[in-house]
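Each structure below is given as structure tokens.
In the two complexes below, chain A is the common chain; its partner is chain B in one and chain C in the other.
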Partner chain A sequence: MSTEVPTRAGAKAGQATHHMPGRESADRKQVTQGRWASLLLAPTLVLLAVVIVYPIVNAVVMSFQKDAGLDPATGFFVQGGFAGFDNYIHWLGQQCNGTACPPGTLGAQFWSAMGTTFFFTIVTVILETVLGFWMAVIMSRTFRGRAAVRAAVLVPWAIPTAVTAKLFVFVFAFEGIVNKLFGSQILWTGSEWPAKWAIVISDVWKTTPFMALLILAGLQLIPDEVYEAAKVDGASAWQRFTQITLPLVKPALMVAILFRTLDVLRMYDLPAIMTGGANNTTTLSILVVDQIREGFNSAGAISTLTFLTVFLVAFIFVRFLGANAVGAATSSGKK
Partner chain B sequence: MATATATAARTAQAPTRRRAFDWAPLRTYVQAAIILIWCLAPFYWMIVTAFRDTGYTFESTPYPAHITLDNFATVFDTSLGNHFAQNLLNSLIVAGATTIVALVVGVFAAYALARLNFRFKFAVMGFILGASMFPGVALVTPLFQLFTNIGFMGTYQAMIIPDISFTLPLTVYTLTSFFREMPWELEESARIDGCTQGQAFRKIILPLAAPATFTTAILAFIGAWNEFLIASQLSSEATKPVTVAIASFTGAQPHQEPYTAIMAAGTIVTIPLVALVLIFQRKIVAGLTAGAVK
Partner chain C sequence: MRNKFSKYAVPFASASVLALALSACGGGGGTGGSTGGGGGGGDASANLDSRGPITYVQGKDNSNVIRPTIDKWNAAHPDQKVTLKEQSDQADQQHDDLVQHFQAKDQNYDVVSVDVVWTAEFAAKGWLQPLKDKTALDTSKMLQAPVKAATYGGTLYASPVTSDGGILYYRKDLVPNPPKTWDEMMADCSIAKQNNIGCYAGQFQKYEGLTVNAAEAINTFGGKIVDDSGKASVNSPESKTGLGKLVDAFKNGNIPAEAITFTEEPGRQAFEAGKLLFLRNWPYVFNLAKTDGDSKVKDTFGIAPLPGMSGPGASSLGGHSAAISVYSQHKATAVDFLKFLTDTDQQKFFATQGSLAPVLGDLYTDPTLTAKLPYLPTLLTSIKNAVPRPVSPFYPAVTKAIEDNSYAALKGEKSVDQALSDMQAALQAAGAK
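Our next item is the complex of A and B:
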């Protein structure tokens, strides 16, 4: 584009002003495009500001207010008002009215919910990455019936998480098919670790396909010639995997891992339906929802803390692990 | 499966002269079969149970046995306190409205991001991507209070507004990557033939973009249809969508989970989605992975 315009303009204007008219029209084009862009983007940005930015600012403001209610120490009704960092100290320090929150109350669960959330995140993302990679490699091979496998993989993804949760409660029921198949007698949702693993398995079943499809899309970008060349050079299958597949698929893989990580960090549906957060399966999201009815402002603080946690993890991914989702999304526009 | 193994055997024949037997194709088939079973078995079990007599809920016969349609009747039976038909309608209204708003608004933004050069493009894309990964739970608290104050609690808009927070970014993101792949030379030709940029957009680009837009609509619809967290907090008994209804389904016996009825309800909710997904499989995979790999 930029090569063509100046030549044509230059032919008319003569040698001396060769580049000038071209650049001017490009500038003008940039300005009109900019005006168009802001017009077209405005509705989206305004709407997102209303549905996301406004509630978030609201939550932050709330988090610095006192919850109105009865003061358990004095028995008097306490009006709201500025609370400073009290709500944050309440959660982070698990402090209720100056002493440690009694076990069983929501206030005593912040760090265990944080731990549970990260347990789910780390375990499911690792399992999903390994299984997803395996599925993607199989699906990238040519064999008859490949289309059927690629279609089947979409089934768990399409099922609503609430239905998945109920389905797995049934599958993991005491008299359910899992115990029958393995001859085990485990009360899956009745104690901590079986419950956690039941949730992990449900999540892995539901979301590995998404991971596999993202990785598959990355695999398909690697030209066959690269593998052929490596074969000619005598690279073993393992060498081809570690030296060609892994580095070349890394951008897609990192974006897939980023998406999944941020998604599990906000996990709510599966544990909320499968265990109701019992047996130490309360995630941060469940804790926020439980808190809403016990005091908005305190809930505002923990919801802000959850948001900050997710934001921090996303930042670490993008900054230090090179998960460049924005770059992947914008770069191909300049081809 | 029979033809599959036959092919495997045939392709395995060729290199026999070099080695005893080439296991590679067979191994691929075995692994493909494992993936197939892993993905479909729980889904299959849901359907089998949906058609199974309540008295045989925990039967482990691997094929449909004690077949009955009673569970589907139970699902729609309002005397047990469930209003499944209403719940279906609610889901349709909420997911439909969310999808329409997200598409109508998002299509313009996607066009700008895919086609126009402007400053802050990177920042806008970053903001939209960030919004799509935003934890929905962080919205529930402030919206719960806000909607209580303005009387929105339990209304359809109380779900549609927060649902837009994740469908709109998804729509913009997916459409942007679709739009980049389109033959934009046609737009140039329309401009040369005297169309304005707006006319070129309406008359040339929108019809061309219809398949991409439709795919994006399916993705947005599935996202909103499957939403649970926001709906479970901000809906009322009357506006409750299916996901929330299924989670709190009540059966005839008070202390017994009505598993067969729940599986029937799950089947009703899932079959249309699975059908949609299988029909538009290629497009949906393209839409899901759009942008992540380019």
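Our next item is the complex of A and C:
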């Protein structure tokens, strides 16, 4: 969103808007630039309004409508009418027709799906950050065959998620390679924790490279001189890591974590294909898709709730943890 | 100012993209979401005598059955040509594609192929042409179960085209006489134990296949998931016996523990590897088990009707029907096309070319067909005793109620009593009141 028109003045004035002595026309130039900028941005904004704002607003409007119900006399569906907050109460309170939703309905699964989604988010992001960091540190060293290693690391990321999921279905099947390799008899997709870990392992396998590459980009921005100076001052390897690497890589790291978090919060394909949501692996997105088949308006409510959840998490990240993709980009531009 | 803005820009942009992804699916259905009540109204009584070119919509034609069929029709009806619109080969996607086109009142979806379990939903939405009066269809030669599955509220809404039912695969080298009842089969499990293989398996992973298997167990022992008026009636002693049989078999190991992860394919592979004495599966397994290079049971397996309480068990019903959209412009042609799909020659062609089980009872004993598909007489018994899965306009919610609760019971997380009372409550919440 912070697209700047790259002019000669813009390159230098990007950081601050101080007047430069001897350039009176700078003010006027900026006004013209601003106009140009809005003009050039207009098509993008219109497109965003059509493909993003309209569907969101539409989903919110739908979420206040009742789903079509059956007219018992004719056996045909009739329009539901205005619902107020009923759809939201249905999900948040897990209420079906005024009583608690019985097991075996989608309504009974909202909070467990929320819990499952956050479980996957926290566990996979932590694992991916640690492993990704490790891989990034290795890849940033100079050694023979580094290009090959980097390319190899990218392979899991390049495979479509649905294919990955199918792959791991076979890997974790009862007669699959994991059980054969370890001589175990675990029903990976047949009970809660093995199923959850199977999904976590698949997700970590697939997206750690993404993490590693983003962190690697951050690592390579740290100049060697800083390390050399630290060495001269007698800092140990651990000190160099905690005092130099970590603080300097933090902007890139936070962006990587933010991206991954938002990504996992809407996880659908891995659990949908590997377990079909059985054994408490139903995520919010799976619930949304299941609900779409049962009624659009109620699905509008739960997708709005999912949207708000993700929005909240993103907001917390940016506001309190200092993740800032744009900031990271500008500060890296300085170097 | 710029900094502050960009601080929020990232989460906003990312969250917006997410919302787009989520709402795009929902948005599609927004406007026409629930235009029901049209069943007896204008669309259903329009264009009844009109003839002209039509479109036939069905899932991917993997065994090249429908193209030659349509070519044959087109050669005979040059002025009323049928165009094929092929969907994906995923059932869920076919369903959603049909919903979208019906909502848009698409006149180009004249005749559509519907899975037996979708008929009620589409009919209740007012999207399917009732097959009565001018568009009536003769179903007297058809098997009754598929006709029942295509009937909603006493009116036929689709013409059965292909059928399917479960059959029992067994090892005739180990069990010379196949069991006729469930209890006989459980008694035979000692043979499995002696040979150190699993005894029985079906499809027990939590997906549509579990609904099929749980419904078979319940129906076989006289239970009913919904009664004839559509009310949930699963919480009965008969259902308890039926579901209890499956639960007991899991508990005592007659169904091996890994079967809880079985869909059709892992079960077939286990049977072909010689690791199962009995397998409940669809007829497609027959040819594979006979011809697969890996199959160790090529000459040592036999087939039988599903075992029941005292005779054959109540199979769940598979298959597809063809229905006419109420928005079709050429319904007279569409009706003729339905009749064409279900005439003897076409039904024979479907069976020989695509191994699709016919809906005409006579064909199951036709010597030319049984020579090619030896399982047909067994399948006939299965389909004659079949009970359609609940014919409900809320089928997605109904199948979820059955899946979730029977899965919990099979895993021992719930007692059978609790599972059935939860199932009953969930069915009621689903709309089958």
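Definition applied: the second predicted complex is superposed on the first by the 294 of 335 C-alpha atoms of A that agree within 3 Å, B and C clash if a C-alpha of one lies under 4 Å from a C-alpha of the other, contacts with A are read in each partner's own complex, and residues count from 1 in each chain.
In this section, a contact is a pair of C-beta atoms (placed from the backbone, for glycine too) under 8 Å apart; a residue touches a chain by one contact, two chains touch by 3 or more.
These figures come from a predicted structure and were not determined experimentally.
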{"item": "Which superposed partner A:314 touches (first chain B, second chain C, both, neither)", "value": "both"}
{"item": "First, second, both or neither for A:264, with chain B first and chain C second", "value": "neither"}
{"item": "First, second, both or neither for A:44, with chain B first and chain C second", "value": "first"}
{"item": "Contacts of A:191 with chain B and chain C, given as first, second, both or neither", "value": "second"}
{"item": "Touched partner set for A:153, first chain B, second chain C, both or neither", "value": "first"}
{"item": "Per-residue touch tally on chain A - higher for chain B or for chain C", "value": "B"}
{"item": "Contacts of A:296 with chain B and chain C, given as first, second, both or neither", "value": "both"}
{"item": "Which superposed partner A:59 touches (first chain B, second chain C, both, neither)", "value": "both"}
{"item": "Partner chain in contact with A:68 - chain B first, chain C second, else both or neither", "value": "second"}
{"item": "Partner chain(s) touched by A:107 [first = chain B, second = chain C, both, neither]", "value": "second"}
{"item": "Common ground on chain A, meaning residues reached by chain C in one complex and by chain B in the other", "value": "48, 51-52, 55-56, 58-59, 62, 173, 175, 259, 262, 265-266, 285, 288-289, 292, 296, 299-300, 303, 306-307, 310, 314, 325-326"}
{"item": "Touching residues on chain A, where the partner in the complex is chain C", "value": "1-2, 48, 51-56, 58-59, 61-62, 65, 67-71, 74-80, 96-97, 101-107, 173-175, 185, 187-191, 258-259, 262, 265-266, 275-279, 285, 288-290, 292-294, 296-297, 299-300, 303, 306-307, 310-311, 314-315, 317-319, 323-327"}
{"item": "Parts of chain C lying in touch with chain A, wherever the complex brings them together", "value": "2-3, 5-27, 29-30, 33-40, 92, 95-96, 124-126, 152-153, 205-207, 257-258, 260-261, 266, 269-270, 393-394, 396-397, 400-405, 407-408, 411, 422-423, 425-426, 428-431"}
{"item": "In the complex with chain A, residue positions of chain B that touch it", "value": "3-4, 7, 25, 28-29, 31-32, 35-36, 38-40, 42-43, 45-46, 49, 58, 60, 101, 105-106, 108-109, 111-114, 116-119, 121-122, 124-131, 133-146, 161-162, 164-165, 168-169, 172-173, 176-177, 180, 197, 222, 225-226, 228-229, 232-233, 242-244, 246-247, 249, 257, 259, 262-263, 266, 269-270, 273-274, 276-278, 281, 284-285, 288-289, 291-294"}
{"item": "Touching residues on chain A, where the partner in the complex is chain B", "value": "30, 33-34, 36-38, 40-41, 43-45, 47-48, 50-52, 55-56, 58-59, 62, 134-135, 138-139, 141, 143-163, 165-171, 173, 175-177, 180-181, 205, 209-210, 213-214, 216-218, 221, 251-252, 255-256, 259, 262-263, 265-266, 268-269, 272-273, 284-285, 288-289, 291-292, 296, 299-300, 303-304, 306-307, 310, 314, 325-326, 328-333"}
